[in-house]
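In the two complexes that follow, chain A is the common piece, with chain B as its partner first and chain C second.
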Partner chain A sequence: MESAGGAPGAVTPPQGAPRRGPLSGGARAAAAAVPGLGPLLRGEPGVAAVALIYLAAALSTTAVGGGRAIEAVADWAAWGAARLAGGTAIPEWSRVRLDSLVATLTLLALYAGLWTWAVRDSRRDPTAPPARDTEGRRIWRQFRRNPGAVGGLVLIGLLYLVTLLTPLLAPYLPEVQMDVVANKLKPPGSEGFPLGTDEFARDVLSRLMYGARISLSIGFIAASLSVGLGTVLGALAAWFGGWVDMAIMRFADMLLSFPRLVLLLFLLAAFDTRSMYLIVTILGVTGWMSVSRLVRAQILSLREQDFVQAARALGLPTGRILFVHLVPNSLAPVIVAASLITGHTLLLDAGLSFLGLGVSPPTPTWGGMISDGKDLLRQAWWIAVPPGLTIVVAALSFNLVGDGLRDALDPRLRT
Partner chain B sequence: MATFLLRRVLVALPVILGVFTVLFFALHAMPGDPVDTLIPRDIPSENREELIRNLGLDQPLYVQYFKTIEQLFTLQLKTFGTRRPVVEVIAEALPNTLILALASVAIAYVVGILLGIVQAVRQYSKLDTGITVVALVFYSMPGFWLALMLILAFALWWPVLPATGMHSPGWEFMPPAARRLDLLRHLVLPAATLSLASAAGVARYMRSSMLEVVRQDYVRTARAKGLRRSKVVFKHALRNALLPIVTLLGLELPALFSGAVLVETVFGWPGMGRQIVGAIFRQDFPVVLTNTFVFSSLVVLGSLLADLLYSVVDPRIRHG
Partner chain C sequence: MSAAPVLEIRDLKTWFRTDRGVARAVDGVSFEVLPGETLGVVGESGCGKSVTALSVLGLVPKPPGIHAGGQILFEGADLARLGERELEDIRGDRISMIFQEPMTSLNPVFTVGDQIAESVVRHRGVSRGEAMGVAVDMLQKVGIPSPESRVRDYPHQMSGGMRQRVMIAMALACRPTLLVADEPTTALDVTIQAQILELLAQLQRDLHMSVLLITHDLGVVEEVCDRVVVMYAGKVVERATVDDLFDRPLHPYTAGLFRSVPRATGTRAARLEVIPGVVPSPLDFPTGCRFRNRCPAARGPCAEGEPPLVEGAAGHQVACHYPEGTR
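Let's look at the complex of A and B:
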């Protein structure tokens, strides 16, 4: 979500363009109201184009999917009200597909990001001297010097743009089966099916696009869950030490000492139908170990520093010291790990789907599509090849961004 | 040294036993009954109960737990399905997995270390950037998909290598040399799949480790003395640059076994990975438990081996 919201800034403003002064009066108000207008008025077409594309994407997706989003929210509200009333309501929310929920949240984050940026940008004075050099600016400057990392960020931005626009761009719905006799296993380039069709005469391109929503959502949420869990557990282990540390870290060792895929298989095999919620939860709670080690090491080294002693002397509650003072100071390696974990989770989720233990069909996922195509390699290579390529692109982007962030955050590591 | 090893094993044992315990109780807590996969539901209930009694599933959980541990260590554990000793079943698969894993590790480290050295020596050249990019692409690639692509390329479109299995039909009647060649031909694709991703990882580490070493004073001194560049790199710098790579070996093993589960499934390689997938689906508890036990023991053994190797390549480190 952050990447979608932050992406308009990813494009370098043209350096050679004549610099104009700050916007004033009505122009400023208009620039704040329409993201992208500001740069356009100031003569920065590149930035303006990216912002306007994202605005258009957000608006058109809202127009198409808004009804569904409202339904989803209404469902949640109804379920919450029923619970509050004391009824043992059927968990209605399980009907709401996680990917529509993620799409809705991404959309809201995109709107928030676009307008925050627009308002700030409308007040910007391009002729003013550069502001105080903050740590954030320094990292961003380092990051931008790395073409691979910027490329990865742009690719992630594009992927999220495509997933937002999927309902508009995809020729068919992913589960729709065409006339099987006439349309099954059509090769790429057939009329109406740019990437061909699968065994059940479903359009490969449409499945690929809807699959992106699901696979990327799973990767993103599961990785966030792992990172959050790892941060909390690592912080607790470092702060309390003793048997808490012992228990948490030995448990982490245990989970690390046998193949994670086997653990996942064995947890998932027990369920007959696997929803996205289940996959996300299980992927999330089995991936926190490396983060907890990172956070623990960071906090152990920070714990004795003066500012922590000061906070303790002031009598601040432990929770506040931990999560307001210590954790934010140890986040740098965690952010890097988050990006790398997202890439890794995408690969793991694909592996699970491949073994038939991912989200149950007919929900399209990239791994599931590869699995569908594996027995038809000879007759129809086009079923298994494209989802693998998109997985590589997505995982590669997250790895590139993670590497770039690590280099930018720690110049000592630059090689 | 001996005390160090002993201490390491003593620390590792509770971890392995913990894995076993958690897995045991989780297996029994999961929905689904292993008996259902063995006999149809409409079988008379007395036969069903007899089977449950025979498998020992009627006893209290803690009794089953201690019985399973006892049987595991006395090698008496039997599979639910065929009632063969689990040791026998695993003994068939373990060598196959080891062949695949060792071949992949060997390829990954030789290729990865060489690539890393080339990159470090030619830092910031086109070659360096190219290798970095290609390595990252392989690093971001799902292994099972790479396996399918290799099958597509080398077994279907250009049929030079066998796509599945470990032996050709009729290999029992081949002379020993032909047998070995046959095994080798079957090994190429799975080993390539498994080793490409980890070679990419090794090259990344090797590059940065070599770069750090090459910048040190003693390397500059060696060059200044007039030694040839290749000699400085391979004799003086390499040994020090290898240190972090050796630790990597211990960390890579679980990932390697994870990869083996998928790759063995794709290539129909009769190893432990494929066995454990089958056993999980059949809910054959003894096979799952013993397999994981062997897996975690191998991982612990691997990291122990890495520590030992570490003291071999770095004489400064003396355990004890």
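Let's look at the complex of A and C:
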């Protein structure tokens, strides 16, 4: 260990947290071997907890689904070999098997990521002056100070990780019905069904996990669509002004004058399928208005800046100035809006499914599960409560991250 | 005279349609820029210097701007008649411009290297990697130390003087034949000003380019310009070589300008004078000579005809009915 004796003229560490030097010798080796140990030894419990949570996720997935992971790889190898041999009856490479393979690769990537981080982190010198200070680093430093926001981010990470790892983790496929007479409405903790079964004798845990894939993807993709559309339309309105601005913003006003749910019902009524793509599109095209207003306001003030004139003097074309120079400058509030919109869209999608207007059954969605369980709430609370809780957790996480970003991106709050 | 001019402006009129009428910001300006020379444009605030410069690059916002007449001849084409696409091809490549405010003329979210490289990619069609090489060379040329690491800096990591050097690097990356510099040193402190002007002069020699230098500062004009155009109320009132102009200004306005600036070389006793009155609004110019209601030499005929720009001495044109020394 380094001697703690203060050399004359040594910089005094800031009050409060005692700063420790880099790890050395055995401690460094141990920190590299066990992700999370390094921060623990250096006295950074928060970072350690995050690392350990992800390590636990990786290890428990291996414990539960290691066998399936090996199977998936073996299966893929066998299929590849058959394919290469050019046999006559090559089996189709099914969606389910692709899912398992992707899950296996995700698990490997998680391990690789954890240990790469652990090795690099074990060599880190926390007392070293920070390298080149970029805007991104400053924002991250501010964001980290907000425990709620960091917690939300960790949870969102875990949720999306679970959606990828589901084929290794879920006991059953989501649509599988057991012998109904023997297995329906089993309470949580019953043998083979950790969260019980519903009235069609389907495993609630499996449906919850597969439902996460649908619900979280819909939330994420629809929100991205809204944000993308809002950004492009807002930018065009601000730059071109005149009738373009008029047309886009009045159309936005018109959409905003309907309650969102009414608008959704109206649009959904025009279609008789209920595919995931349809739901995503409809949620996406009804959610861009607030973003377009934000972006428009930003670009209206940015376009008067000197660097726009300078870019024009260099002969850069309008499209490039608008989307490469101005839009990135207006992105801070959009990022905040994006995370809030994702949480909101998640709730809306659950609401649609609850009303029976979401992705059609038997595809599992969180909202759909609540709808299935609502009539049985007294006898079998375990059907509706778990998806209800996950919706709350997911929406809350997105809101926490959004608030954290808002604070981190506001230069007036920097310290 | 000798070589054919790089840029020739003939009777240029750039007006603005405003709510209160038509502002004749540039109203019949003619001058030429010769190869390799520095032509200064001076005049009071609001006389149309910037609008003239922006007109050359086709950067006047339209609307409210209108091209009300005249030609801008550059490399065999009339820039005033070109479309936006063709102008984009010329801007940043054959003609470049640098601006007054180095602090805000760079995009805060990109590295300076990216910003220099962008114009090279746009005009030369080279790969980004090659363009970054050019960016490093240019930073070196404009005198930024350790350019290899500085290309990765963001604008906020640089001082005002350094940013103006970066602006110059951006403008000159494609080796234009003409550089339009609109008060490039006004926002900088005096020592940095001198360095930037020295740098511009050196780059001008190296790259054989012409410079159209707009400035308020007669000291700068004397220092770096070969010839000068004096503007007043949207018009050229006097055109001459620096030496002729400083030795013997012919227009009462120019003479007034000289008397209103402190001269470092002058005797202490010389009193500073101000030109009485204010620049007339471009919405409503006086009839006849636009300077007449501020002019010490004005008399009857000045209210009638606008004085044309005529040869007052050899190679020295003036737009005045009663030039200095003829009274």
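Things to note:
The rule is simple: the second predicted complex is superposed on the first by the 281 of 415 C-alpha atoms of A that agree within 3 Å, B and C clash if a C-alpha of one lies under 4 Å from a C-alpha of the other, contacts with A are read in each partner's own complex, and residues count from 1 in each chain.
Going forward, a contact is a pair of C-beta atoms (placed from the backbone, for glycine too) under 8 Å apart; a residue touches a chain by one contact, two chains touch by 3 or more.
Values in this document were obtained by computation on a predicted structure and should not be read as measured data.
Placing chain B and chain C on a common chain A by superposition gives a fit, with no clash between them. Within the superposed three-chain model, A:116 lies out of touch with both chain B and chain C [touch as defined at top].
Using the contact criterion defined above for the overlaid structures, shared-chain residue A:190 touches neither chain B nor chain C, since it reaches no partner. Of the two partner chains, chain C is the only one touched by A:316; chain B is not.
Between chain B and chain C, it is B that contacts the larger number of residues in chain A.
In the overlay built on the shared chain, the residue A:329 is in contact with chain C alone; chain B does not reach it. By the document's definition of touching, of the two partners only chain B reaches A:381; chain C does not.
In the superposition on chain A, A:306 contacts chain C only, with no contact to chain B.
Measuring only between alpha carbons, the smallest separation of chain B from chain C in this overlay is 23 Å. Partner chain C is touched in their complex by these residues of chain A: 134-135, 305-307, 309-317, 325, 328-329.
Every residue of chain B that touches chain A in the complex is listed here, in rising order: 14-16, 18-19, 22-23, 26-27, 30-32, 123, 133, 136-137, 139-145, 148-149, 151-152, 156, 207-208, 211, 254-255, 257-258, 261-262, 265-266, 276-277, 280-281, 283, 288, 291-292, 295-296, 299-300.
Interface residues of chain C, counted against chain A in their complex, comprise 57, 59, 87-93, 96-97, 99, 101, 104-110, 118-119, 122-123, 154, 167, 170-171. Interface residues of chain A facing chain B in the complex, by the touch rule stated above, are 148, 250-251, 253-254, 256-262, 265-267, 269-271, 343, 347, 350-351, 354-355, 367, 370, 373-374, 377-378, 381, 384-385, 388, 391-392, 395-396, 398-400, 403, 413, 415.
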